[in-house]
Amino acid sequence: MSRWRVALLVARKDLAIEWRSRVVLDQVLPFAGVTMVLFAFALDSDAVLERVAPGLVWLAVLFSLLVLVQRAFAVEAADGALDALRVAGVDPMSIYWGKGLSLALQLLVLEALLLAAAVVLYGAEVPAEGVVLLVTTSITATPGLAAVGTLYGGLAAGFTGRETLLPLLVLPAVAPVLIGATRAVESALGTAGAATSDGWPWVGLLTVFAVAFGVGGSLAFGPLIDE
Amino acid sequence: MSAAIVGAIVEMDDAGFIIGSYVLTFATVGLFAWRTLRRGRRLAEQVPDEEKYWL
Amino acid sequence: MDAAPDPEHEHPARPVVELTDAVALLGPYPALAGATIRVDPGEIVLLRGPNGAGKTTLLRVCAGLVPLSRGEGRVLGHDLRTERAAVRPRVGLLGHSNGLYGDLTVRENVRFWGALVGATGDEIDAALERMAVGGRLAEVPARKLSAGQRRRTALACLVARRAQLWLLDEPHAGLDAAGRDQLDDTLRAAVAAGATIVVASHELERAGSLATRTVDVVAGQVRSVA
Amino acid sequence: MTTTDLDAGTPARTSAPRGTGTRATRVLGIATVVAMAWLVAFGLGFSPADRDQEESVRILYVHVPTIWIAYLAFVVTAISSGCYLFGRKKSLGFDRVAGASAEIGVVFMAVTLIVGALWGRLTWGVFWQWDARLTTTALLFVTYIGYLAVRRLGGSHHQRAKRSAVLGLLAVLEIPLVHWSVRLWRSLHQEATVLRTDGDISMDGLMLFSLFVGVIAFTLLYVWLLLHRSRTMFLEDLIEDRGLDQALAARRAEAEEVRP
């Protein structure tokens, strides 16, 4: 059985669980939404809010990432399934790809909804090229986030009571994604007069990040979860 | 950290900052060195010399 | 019943499990303190002993989940110190937890594990039937099952995975009389099909009638019973 | 403070080394103290004030060496992690060097961040600037705190070694990515608000020499700390193993009692 087939099985299983439990739609999405509303309370100025909206979207995505990763591994740990996967000798790289893929798809849905909300809320007019940039940004930022989240989620999952470790490991590592994705979205929305073409170098950064952590994570995940 | 201390730092003159930097650096590193040495001595007492690879 | 091999029978083949003076840690605590045990193909070995004796750790070591801190061990011909990864696919461990996904149905759970080894739909159905979790029960989410039904589903997953060495930790716990009989039949059939089984159990009467050999586990060590 | 700790080898004390010291580390320690004294003499005394930065340039003689050593320490952690992971022997010695070096690096980096803030207050008028160097350093600081937290997760020595070696290499992957993104962030979005004060100031001979003394002194200190800390880690591991021996003996005695 090839790695990819197993990875797809794992991803399909994770998505089936998500489809049944609706945790992303019923809980994580409202969480991300309330985070953005709270940012609005904290900043308390329309002009500032409009300026920082792209950053807020991605901050909300990062916080949601932490919740989603915890959830993805709680599903495995609840009845010892991660152990069972390890006992079954399932290739760690397949688990990594499978869980990462399902996480990435969930993140994409979340980002699409949050970005749409931001665009509607701030009444920005997005040019066609801006839409292309928005979509490309999401597609390149998400694999990087999923790669880092799955990697450190698997590490933290082996130690009950050490969930606090996850943000400590994940947040500094994904700082480049926050920076890159925020600037790219600013360019796409024309925030503070940014030109759309300014956004493309950031997409390059996001791509390099995704590739680096995709490869690094694939190699590191096995040794990290294998005790 | 009381407001007085913060105030004192902000009001400090150049010499205070410079000497403060030196003191802070040496104090922190020295504390770390001292703790390492002390811990090493305590643990070393529990281990016979022939197991210490550096001797 | 007749599928159970004769305990006196000599097995010329390589032992399935062979631990020599194995030490394994649970945190800093030596749960296994120099255990030596040999299990031959086709045996059903019963591990007997009080709580905390190290039965569970012994099973987890054999499954390649817990590394050996000292001593030596081979399972299905693979060295436990260097080839734990190769041991795992051929071993099925059923511990205190069942390894089921609560939001998936019984059939989806069994199908997931079966799919990992390329099991066909018929094989999945057969596994479900054999553990009496087929029919309408197969479409129920695992989290709505009773303890006994969960245990049977987990065993069906083992069947679907075609494990060669079954390591069962208190498998009879939470099963009703009919379930226990079904379990025993499955275990015997699995042995007849070439599997080897190690069972840790308090229910000596039940497991004892099943086992071909009984060993005592005391304070992290193994003693054979005359 | 340092002086009293480092010169444990003055004749007043016993002549035989105790704890994690040897004659070599003692000589190294004395050399470190001497170099530090030179650094203070040159840094605070002999070297002149800078044309732009005036007296505040004196902070750089400790600030620049500490940050260099912090980065050097993380590089050593990465190399040592690689040696453990890819070496044939899987020697725990590499793991201890990696851990000790990361610990020293975190301490140095903490000092760097605070001293850097003091320098910034004098030169820029603010304690913190969102410039690329500072931001990268702060992120790395947190990353290696995470690394040290993972080292304490428990398990056997080899589990710890493998886990932290992988993490040590991943952290090295993070350094260029973080640095690149932060630099891009600053270069595209904010004009440099400061004068040319990233340490690339034109220095006269005596200033350069003071900096040189600082680098020497802190490098000596780093090596001295690394030796002591990794030996202490060795002792910690050994005593933990010894605890295992005792626990094993207790467990075996328990088995004897139960024997019919």
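Order of writing sets the chain letters: A, B, C and D. Residues in each chain are counted from 1.
Keep this in mind: a contact is a pair of C-beta atoms (placed from the backbone, for glycine too) under 8 Å apart; a residue touches a chain by one contact, two chains touch by 3 or more.
In this text, all values refer to a predicted model and were calculated from it rather than measured experimentally.
With centres defined by CA atoms alone, the chain at the far end from subunit B is C. Here the chain at the heart of the structure, going by C-alpha means, is A. The interface with the greater number of C-beta contacts, when A-C is set against B-D, is B-D. Centres computed as Cα averages put subunit A at a distance of 40 Å from subunit B. Put simply, the C-alpha centre of subunit B and that of subunit C have 55 angstrom between them.
Subunit B and subunit D, compared by their mean Cα positions, are separated by 13 Å. Residues of subunit A in contact with at least two other chains: 226-227. Within subunit D, the positions touching two or more other chains are listed as 154, 159.
Residues of subunit A that touch subunit C in their complex: 1, 6, 9, 13, 16-17, 20-21, 75, 78-81, 83-84, 86-90, 226-227.
Subunit D makes touch with subunit A in their complex at residues 85, 139-140, 142-143, 145-146, 149-150, 153-155, 159, 162-163, 166-167, 169-170, 173-174, 177-178, 180-182, 184-185, 188-189. The residues of subunit C lying in touch with subunit A in their complex are 63-67, 85-93, 95-104, 108, 112-113, 115-118, 141, 157, 161. Contacts from subunit D toward subunit C in the complex involve residues 154, 156, 158-159, 240, 243-244, 247-248, 251-252, 254-255, 258-259. Subunit D makes touch with subunit B in their complex at residues 1-2, 5-6, 8, 18-22, 36, 40, 43-44, 54-56, 58-59, 62-63, 66, 104, 107-108, 110-111, 114-115, 118-119, 121-122, 221, 224-225, 227-229, 231-232, 234-236, 238-239, 242.
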